[in-house]
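Quick notes on the structure that follows.
Labels for the chains are A, B, C and D, by order of writing; each one numbers its residues from 1.
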Amino acid sequence: MIAGRERVRIGVVGLGRLGKRHAENLAYRVPGAALVAACSPLEDERAWARNTLPEPRLYHDYADLLADRDVDAVWLVTPSSLHAQQIVDALRAGKHVFCEKPLSLDLAECERVLAEAERYPHLRATIGFMRRFDPSYRDAFDKIADGRIGRPFLVRSQTADQNDTEGFFVRFAGTSGGIFLDCTVHDIDVARWLLGRPRATRVFAAGAIALHDGLREFGDVDNGVAICEFEGGKLAMFYASRTQAHGNDTHSEVIGTAGALAIGHNPRLNRVEIYDAGGVRNECTASFFDRFEDAFLFEARAFVADVQDGVARAGDGATLADALEATRIASAMRVSLETGEAVVLG
Amino acid sequence: MIAGRERVRIGVVGLGRLGKRHAENLAYRVPGAALVAACSPLEDERAWARNTLPEPRLYHDYADLLADRDVDAVWLVTPSSLHAQQIVDALRAGKHVFCEKPLSLDLAECERVLAEAERYPHLRATIGFMRRFDPSYRDAFDKIADGRIGRPFLVRSQTADQNDTEGFFVRFAGTSGGIFLDCTVHDIDVARWLLGRPRATRVFAAGAIALHDGLREFGDVDNGVAICEFEGGKLAMFYASRTQAHGNDTHSEVIGTAGALAIGHNPRLNRVEIYDAGGVRNECTASFFDRFEDAFLFEARAFVADVQDGVARAGDGATLADALEATRIASAMRVSLETGEAVVLG
Amino acid sequence: MIAGRERVRIGVVGLGRLGKRHAENLAYRVPGAALVAACSPLEDERAWARNTLPEPRLYHDYADLLADRDVDAVWLVTPSSLHAQQIVDALRAGKHVFCEKPLSLDLAECERVLAEAERYPHLRATIGFMRRFDPSYRDAFDKIADGRIGRPFLVRSQTADQNDTEGFFVRFAGTSGGIFLDCTVHDIDVARWLLGRPRATRVFAAGAIALHDGLREFGDVDNGVAICEFEGGKLAMFYASRTQAHGNDTHSEVIGTAGALAIGHNPRLNRVEIYDAGGVRNECTASFFDRFEDAFLFEARAFVADVQDGVARAGDGATLADALEATRIASAMRVSLETGEAVVLG
Amino acid sequence: MIAGRERVRIGVVGLGRLGKRHAENLAYRVPGAALVAACSPLEDERAWARNTLPEPRLYHDYADLLADRDVDAVWLVTPSSLHAQQIVDALRAGKHVFCEKPLSLDLAECERVLAEAERYPHLRATIGFMRRFDPSYRDAFDKIADGRIGRPFLVRSQTADQNDTEGFFVRFAGTSGGIFLDCTVHDIDVARWLLGRPRATRVFAAGAIALHDGLREFGDVDNGVAICEFEGGKLAMFYASRTQAHGNDTHSEVIGTAGALAIGHNPRLNRVEIYDAGGVRNECTASFFDRFEDAFLFEARAFVADVQDGVARAGDGATLADALEATRIASAMRVSLETGEAVVLG
């Protein structure tokens, strides 16, 4: 950073597990950021903020935070169903907005936010598809831009979580939007980002319930696969799983006309290899928290630096339009899963 | 092997590149086999046999080979379009049959062979899906049988060839059946074998032409992706490519309820790692010849041992029914690629 | 961190490449630290501090920094030959001390510092063997402590730098102490740390000049190997190189009676694998700066947290006694290299 | 092979576990070889030969085998202490000789064999350092010959066996010559082969007893390390272990002025990776039998082809002089282990 530049004053909204992570990053690890406010309806979350963060102003009401003139940007880590309206409100209050994914599970709502955001071109609004800020994904992106694999035409990408034997996500199935809207949106965004942001033209999806029968009543699955065709003859294949034994296994491949790149094929936890009676092994990242620890941090640094520099809109991050497209594609996958038929996108 | 057991007398038919490989294996590396005859319409192939093999009787006509009473089994490495009739003729002549894949690109013809083979239950007839004899695929199969990954429910498998800049396969596109019938049949067979031989219920396929525009007139692609749903909620995803930069990259994964297995993820040529200015790398297997060198050999040994032991039908190899199912599924993928719609299998 | 705890006020001394790294970490990435002062005799380094750091008090004279009452701790990133006296001076001035390795190349000087430090038991003094704070090395340490490999008895460890075609280290050879005192000290400290801090009893070393003939006049080599015997029948093997083609390749293995751990075997830069005509490869960390970026940060965080918590002496870091032992062993290796004989340590 | 070439008629001597492996290879997997005779003093071994091999003439006395005029070559898989005299006897009887390592544990005896062999320049005599025929070691050798790593100057190599809880090798310790003569000879031969067959000038060795205290009375260790200096400023580091948890882990590295090669770093059993609660792992080769299965076969093929082609002496295999040098170096390591001092070789 450059000493003396104006700090970006941020208010974090939502202090659940991920909100806390963001808050600590913004408070202590992002040069140029000042975490000046935090908002949560829950007293114990505000107590955590009081004890852990550097004297933030605490709000239990989002409207009060928006009224705080000494807040430049809001950082939304709230339930998905609130995102769209909270973004609109923030923009109307003159705040830059970072919002965790998804923009919304509802396409019309996504479009409404985009329309509103058009009116505030000087405000930054980005959706937290953090993989774009993971150093390895970023390296792959840069290598593609350098032409190192020729023309990229196919992405394979997966989001696979370690099996949660307590089935938390089953209880959450009614509001998550299902496996494609909840998990595969990340892969969709990665695919579009690495392939040059093409529009999708057709999808097909299928799924299986391996372990969690409780999903059946929600029309959801714990393992899903999908193919997406894009304009220009580009393709993507996706896999999402809630039932892995070995950990969070998020990886992607990009295949080009002159080579290919794989990102994160072995979800190794660190640089340690263990030699024992089972052979040679490495432990794996347990959750996306572990896998994308750096990405969450770099995402925050990029946002803050861009605001300081006056970089327009989303910078290297996902725009609202990217988020809308991810929702559009994932929604079509959900339809395909239900109908067993390919879905053509307009 | 056990000394003194009756040798299986074999006649190889077709002495192209792969036929030569089979012939040398049968002549010199398969205990219990006696390569006593070879058949080719081409004089230079017969000359090769004369110089290389241990005094085989040479035929230019398949019928003459079948009339040779001192041949117990025929080994067909002939053009795909001849397979079905040659198998039928061999069985009628009282010979065991090994035939390279595919059984036939035509479903009705597949069924005709199966019906005929019903009449010769004492004769072994198997189609050369050699991956089943690759030690790593076999190890995965055995581990699954041991319950090591719980219930397997998802296979991902790919056949990816190094780009042939001379485009041999483009000229071959009119008769190959297209990428799914030519390449993905192997992955289909692997998936069914590892998942317990389920029947397919629905497929969807898509494709792209990355480099070889000449395929367009044949309705073929040089990169294809597909999803296959099986009965019992099992799934498979496939990728086939003719355009890889790094070599032949054939690999598969099986995901179960309690773990997963990957076979051949890094298509390493051998155990050497090279440290140079580009980093740390390993070279890759150049072609399926290199990758499956052992599998071709073990496949031959298994066939011969089974014939000696009187093991019924295909032993560990693919039955004619397996081959029919692979053709049925790959044909549906071809239809899906053409129509853009999911294809339901009866 | 815990909000509200007293910040540790730090003065950094020396603003070369590594000093700048430390200064930026302390200024912006270490919760609980306040970088309040910086000292360098060079105007351009002070200018860098003025522009980059958050308003530190700037000194060109170390004595003036020590006289600054609002400095709690000094952070020495100065030439090796100054370390010993600067540590003593800092302790006498009542400051906690972090000092980059080595403590000193001279054993008697090391002992003098230890004797002096005995008089200030309330002050923290640690030498920057940063590998102890690398997450992978730390994970290995913890696994050993958990008994995961039984009793550890053998360490193999290497420090291998990418070849510097400009031969910077050749010009530096007169004062570096040679390859064992400059590079292998890190491995010696790792070995002792992982093996339970045993004393060495005998060493043997040998070396080769692969590329840099200019080292010959200094009695130094660009590739060195050594064996170290410790009390209790423990062993270590070391390799140090200045001439690698692929990057900085620092790795270690610990072998125990019930298993083994390898740390950093493939010096991969990140999680990207590249598939091209050369095969499958990963790029490597270019220098120890890249490899140990996190370790430098975690080392600083640990120091600051320990000072805040009043943790005695070096906490998880290397004590002055550890640093002395590393110098003692590496010096014996230098003698062994010169004489061709094993050197017994008292 | 070329059909019609004269077969090499071989008599195998010694039918223990390794002898059986060689015998089966020679009988069924080596084109150009005819296994016509087998010799063992043990009736059950001869019974095995009678049942398994293709009608060999069976001898219980080596002299009788040597008198068999229809034997062109003998294949010695006998106790080490018999090797030297058996080679001399074979040469005097006009037979080519393949002999398992070591030539002899006694240097004078090695020299006596070399002197005798000088008198039979038309007979092939080679010692079975099979790693030279492992495809990966061979690939590394070829790459070095192609100049791919510049000038090779350093080899690191290890022979590490899975711990034998029954301690077979402890009972064998009185006659094995100790860990360096029994295990490290392979690494010594590899190092010299990859470095251009230099002479050793100095060695230092050390060791530890990790698990098998019974070795102490033999002056032996279950883990040994050594450094070897060669003429021309070349170096080697060796590690030998009897106590690994994960399997047989034999690997080597060659470092050159322009790159490096590692052979077998991860002793993977095959191409399967297992994903389970422990992470991602691969199983390992259990013993040198598994690791070098191909090498034993290719070694036999090379011997037979060379005899057919009239290739002088050892071809690509180790000469008697190579075997003598390996014994000379390993013996010096044993002395170094006993004395704690470096040993200078004349």
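Assume a contact is a pair of C-beta atoms (placed from the backbone, for glycine too) under 8 Å apart; a residue touches a chain by one contact, two chains touch by 3 or more.
What you see is a predicted model; the values in this text were computed from it and never measured.
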item: Between C-D and A-D, the pair joined by more C-beta contacts; value: C-D
item: Label of the chain whose CA centroid is most distant from the centroid of chain A; value: D
item: Between chain D and chain C, distance of the C-alpha-averaged centres to the nearest whole Å; value: 42
item: Mean-CA-position distance for chain D and chain B (Å); value: 38
item: Centre-of-Cα separation between chain D and chain A, whole angstrom; value: 56
item: Multi-partner residues of chain D (each touching 2 or more other chains); value: 149, 244-246, 258-260, 265, 268-269, 274-277
item: Interface residues, chain A side, partner chain B - complex; value: 149, 151, 153-154, 156, 202, 204, 206-211, 223, 225-227, 229, 233-235, 237, 239, 241, 243-246, 255, 257-260, 265, 340-342, 344
item: Parts of chain C lying in touch with chain B, wherever the complex brings them together; value: 244-247, 249, 266-269, 274-284
item: Chain D to chain B touching residues, read off their complex; value: 1-3, 27-29, 31, 50-55, 135-136, 139-140, 143, 148-149, 258-265, 268-277
